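Just below sit the structures, each encoded as structure tokens.
Common to both upcoming complexes is chain A, partnered first by chain B, then by chain C.
On to the complex of A and B.
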């Protein structure tokens, strides 16, 4: 009887090969950075990374759910900006200042926009990438036409959001400075737990995996494709709406044309974590590790003495190599078991 | 009348597209008239369309194989950067004597870069079996990263004076690069419809497994088509560099959405195997007309973006109905639209996935 590893005891499953591989990359990279520049090892860096990465972490969870359902969504950054900006503008028009209200409005707008995606995808049987490409520019363009693209600096940002952005769970005072763990950490954790619960402990989650694995057989066993897809894209929109508010609060600067264009990077980060585009596969831990890698490259290349311009090169090569390994293994497996479909 | 009807029925999507283009031309002619359709207006439109036409052509080939190439814009700007680097005097100083050689070298550098980028995509897709979206997503980030690492985000100027003339010179009042694009369209149309490679590209998009089982080395087809895409992208990079007389990372990024838009607009099936180059040409004309009209009406870039996205969705929904237009005629099942059974005229990956309700 072999002793079960810590990982198995916590996650109740063996570690996937992509997770092992990513973990190895992260560890090696951290060691290299730490050797080059010991300043990297500080709570400050860690807290900074958590604070900066929390927004895209939430987005990544939505992307993961969509990928598991066999689709690919590139409209989530547009949804995040649209719902965040619209709700802030709405609150400004109504003339009061309440964090709960703004989050609620943003989340509802996000879910509605997500359901538009789902309806288009379901009823016209269109490729998800192209639909969401279209809706992304349509949503964002519509918002820009209707509301304009005025930016708000810290003076104009609602006070409740500023407070939200700067509130912290715990603060550690060092000799000269003090740094704090942002409250975003808690929200990210809550989102991870919620996603995990929905995916692995509810019927809805199993349906998402089922339509991702094989849509035809899923519908044959009586799963409603429409309802499942509505859930998937609404959930993605919901998380995007939440992220919109967190993003604006964290920056204490509201710019309605930011964030757009980073969606492919986030999808790439989730894909690197082992989510297959063909659907039905993907783990939350993998997505988290993928985002950590992106975040590490983004914030620590400076410690290596390389400018931010090297970021894409690093991430692109890691992405390409890991995709290569992942799919080459699949290809060998398919060859051996005489599976002739493309994937 | 009958032959016209047959012509329309043979390619319904093309007919719809031509009709839409004709309507747009009519409306624009009435509203903007002289400004748009003057010789200079047409000339500037034909210059603008050629920069983007090569990328659309590349995207169309990728979609015919059932894939998509997200890296076209990044690869084009990388190819342009390579050309600009050769001609910037940073590697070899530019003098009067060697400017001719540098001109040629720059073009070769761009073409080779484009070809290598395409081959890398093809290798990942054919030999490693990475799905095209992911393979080209990773190479898109990689190409942008390479360009960024080389230039650190700075714009690379071109010092060879004759290079800018490439985009300004004209033959009989027709811009040279427009002629290049027309030639490229003719060549690609010939390759796709008259050669073995073209036939196989269509077949690959239709049913990859069947192609492999009929003894065709299908991996080579993919490699060849992405190599072709790479060359087209390289030419696009040359034109972009020549028009701006400099190059930096991320120049053509906005073309990615538009390239996908025009290819879908032209009735190419994103699942592969269907689409004609002539439709693509009509689609390009339509898109360029609209784009110029928006500029004349001074739309903001966001408004333009909105229109592009809306058109993309509208066209796909419209194409969906056009595809099932005749199939819906016999009203066997009146109430809920259950297109599942009737659609299996041409078995494709799409119809296989359609659920029975």
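On to the complex of A and C.
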């Protein structure tokens, strides 16, 4: 009987080559930084990185589902800001302060905006990139016209959100300071498990893979394209709405013109993780590793004593090399199995 | 063929959607130079238009309050109002100035997004006899694009102000690092280098531990993440100097989270942003200037010039920080540095 590795027992599949490659980059990079600056290798750094990366990790899960379904969504940062900001404003107008309410309203608005994307994409048969490019501007423009773009500093941020941003699962006191594992970590874990369950343990998830691989054949075997797309974009909107509240709470500062413009970096991170732009392929672990790489590069420049431009150089190089390897291997494989397709 | 047509339809729809979201407001801004009151204004009054970098943000809203105050104080001789592009875009600013020239205003005040880019348009205005005043445009001083330029303070002195605040908070000793919006921002770098030069000269026990300042892009999330990393990377850090409001509030938020009380946090900030952090002790000292003063003082000089008067060193332009200006050719220097400390109420300053 063949012995199964810990990985296989947990994930019930072998590790993809992309995941191995990313894991190796991460480990090598951590060793380099730790050698250069021993301060880096600490629990405190890890906790801080988890806190800072949790928002984009949640967004990345939505991006992954959309990519698997064969689409590209660039409106998710706009949806995060619009639903988060609208929800906070609504709560302020109603004059009370409740975290559950603000999250609930944000995820509902996020899901509704996502469903608008899905309906436009489905009924007008439009390319997803173009639809979401349009709706991103339209959603944010509508919010700016209807609500304005006033920023809220810590005094005006609802107390429940401030508490949420600073609540922790575990606080460790060091000699000079204290550091803590943010409650965001739990939320990210929950989102990962939920996404895993939806993608791999439900019919809906299989349908998402099916329409991503080939929409025509998926539709011929009786999969409802509308229903599947509604799910994909509503789920992405739902995660974006949740992220909006986490983002504002974590910063204890509400700025409705922030975040937008970072979407391509997050999409790139998920693509590094092995999700195909042409749909049908992608793993949660890959997306998680992709985001870890982004986060790692972003938050080690001070330790390495490098300027912010190095981050772009690192990230760009990893992106190009990863995609180069991924598509080269695919072509080799295709050649061997005599498949002559464009992707 | 069908897919091609679909793609074109898609692009048309998308562009129409984008245009709907952005189009209306920008057209309105370019066309809406003069307020409704301008048509029925008093006969023979001078018409002075102030063009901001971007409308709709707190900073320039506060500037427009200064313009309005000036308008109210001189309502019998002046009609003054502020306009500006809906995004910080140099081309839109040029379009607004062109429009104001066509309207035949008497004076134009501009806070340029790109001083050298807008210079030819300003020159055109001057050729038609319009008085042109700028601020944050030291690059135009000595050219024929402007009549005068007001700077709120001397940038070197402003930088030294940060240094003094930092030295006081650190007790004159310890390690510190800096953070600027970007390494290419001229004013930020001048503030930072003059602060460092001052500390090297006057406080030999204070050490800059990273020669180059870190960049925070004036972005809230980046500033916070960078502050967190700085605190972890320098366990003996005693001070932090930021030249953007987000830099200081990011550090304040990290110090609060980690409950660190022995790092002095000094920053450029706004009263509304830094007030709570200063009061709670997560920020030691902040510096700013009141943009309403810009609005008031720039209009005051324009009016004086329209009346055929000149402004000389020692003159009072009628607003705090500009009570005794220094004049050097086209350059008028104020002394408008505003110091923000714990316990000093931020309430009167609504910005």
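Please note the rule applied: the second predicted complex is superposed on the first by the 342 of 343 C-alpha atoms of A that agree within 3 Å, B and C clash if a C-alpha of one lies under 4 Å from a C-alpha of the other, contacts with A are read in each partner's own complex, and residues count from 1 in each chain.
Convention: a residue touches a chain if its C-beta (ideal position, glycine included) is under 8 Å from a C-beta of that chain, and two chains touch if they have at least 3 such contacts.
Being a predicted model, the structure only gives us computed values, none of them experimental.
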Problem set entry | Which superposed partner A:316 touches (first chain B, second chain C, both, neither) | first
For this session: Check whether A:80 is in contact with chain B, with chain C, with both or with neither, and answer first, second, both or neither.
Result: neither
Problem set entry | chain B versus chain C as contact partner of A:142, first or second or both or neither | both
Exercise. So, A:153: does it touch chain B (first), chain C (second), both, or neither?
Worked result: second
Exercise. Which holds for A:67: it touches chain B only (first), chain C only (second), both, or neither?
Worked result: neither
Exercise. Is A:134 contacted by the first partner chain B, the second partner chain C, both or neither?
Worked result: both
For this session: May I ask you to decide whether A:284 touches chain B, chain C, both, or neither, giving the answer as first, second, both or neither?
Result: neither
Problem set entry | First (chain B), second (chain C), both or neither touched by A:215 | first
For this session: Look at A:191 in the shared chain and tell me whether it touches chain B only, chain C only, both, or neither; answer first, second, both or neither.
Result: neither
For this session: Residue by residue on chain A, keep only those touching chain B in one complex and chain C in the other, then list them.
Result: 124-127, 130-131, 133-135, 137-138, 140-142, 145, 149, 307
For this session: Would you tell me which residues of chain B are touching chain A in their complex?
Result: 68, 70, 124, 128-131, 133-135, 137-146, 148-149, 152-153, 208-209, 212-213, 253, 257, 260-261, 264, 270-271, 300, 302-310, 312-313, 316-317, 320, 350, 352-357
Exercise. Given the complex with chain C, which residues does chain A contribute to the contact?
Worked result: 37, 39-40, 42, 44-45, 48, 52, 124-127, 130-131, 133-135, 137-138, 140-142, 145, 148-151, 153-155, 166, 176-180, 247, 250-253, 255, 258-259, 298-303, 305, 307-308
Exercise. Which residues of chain A touch chain B in their complex?
Worked result: 72, 120, 124-127, 129-131, 133-142, 144-145, 149, 215-216, 219-220, 225, 257, 261, 264-265, 267-268, 271, 277-278, 307, 309-317, 319-320, 323-324, 327-328, 330-331, 334, 340-343
Problem set entry | Interfacial residue positions of chain C with respect to chain A in the complex | 6-7, 9-11, 13-15, 17-18, 20-22, 25, 56-58, 183, 210, 212, 214-215, 217, 219-221, 224-226, 228-235, 249, 253, 256-260, 262, 272-273, 275-277
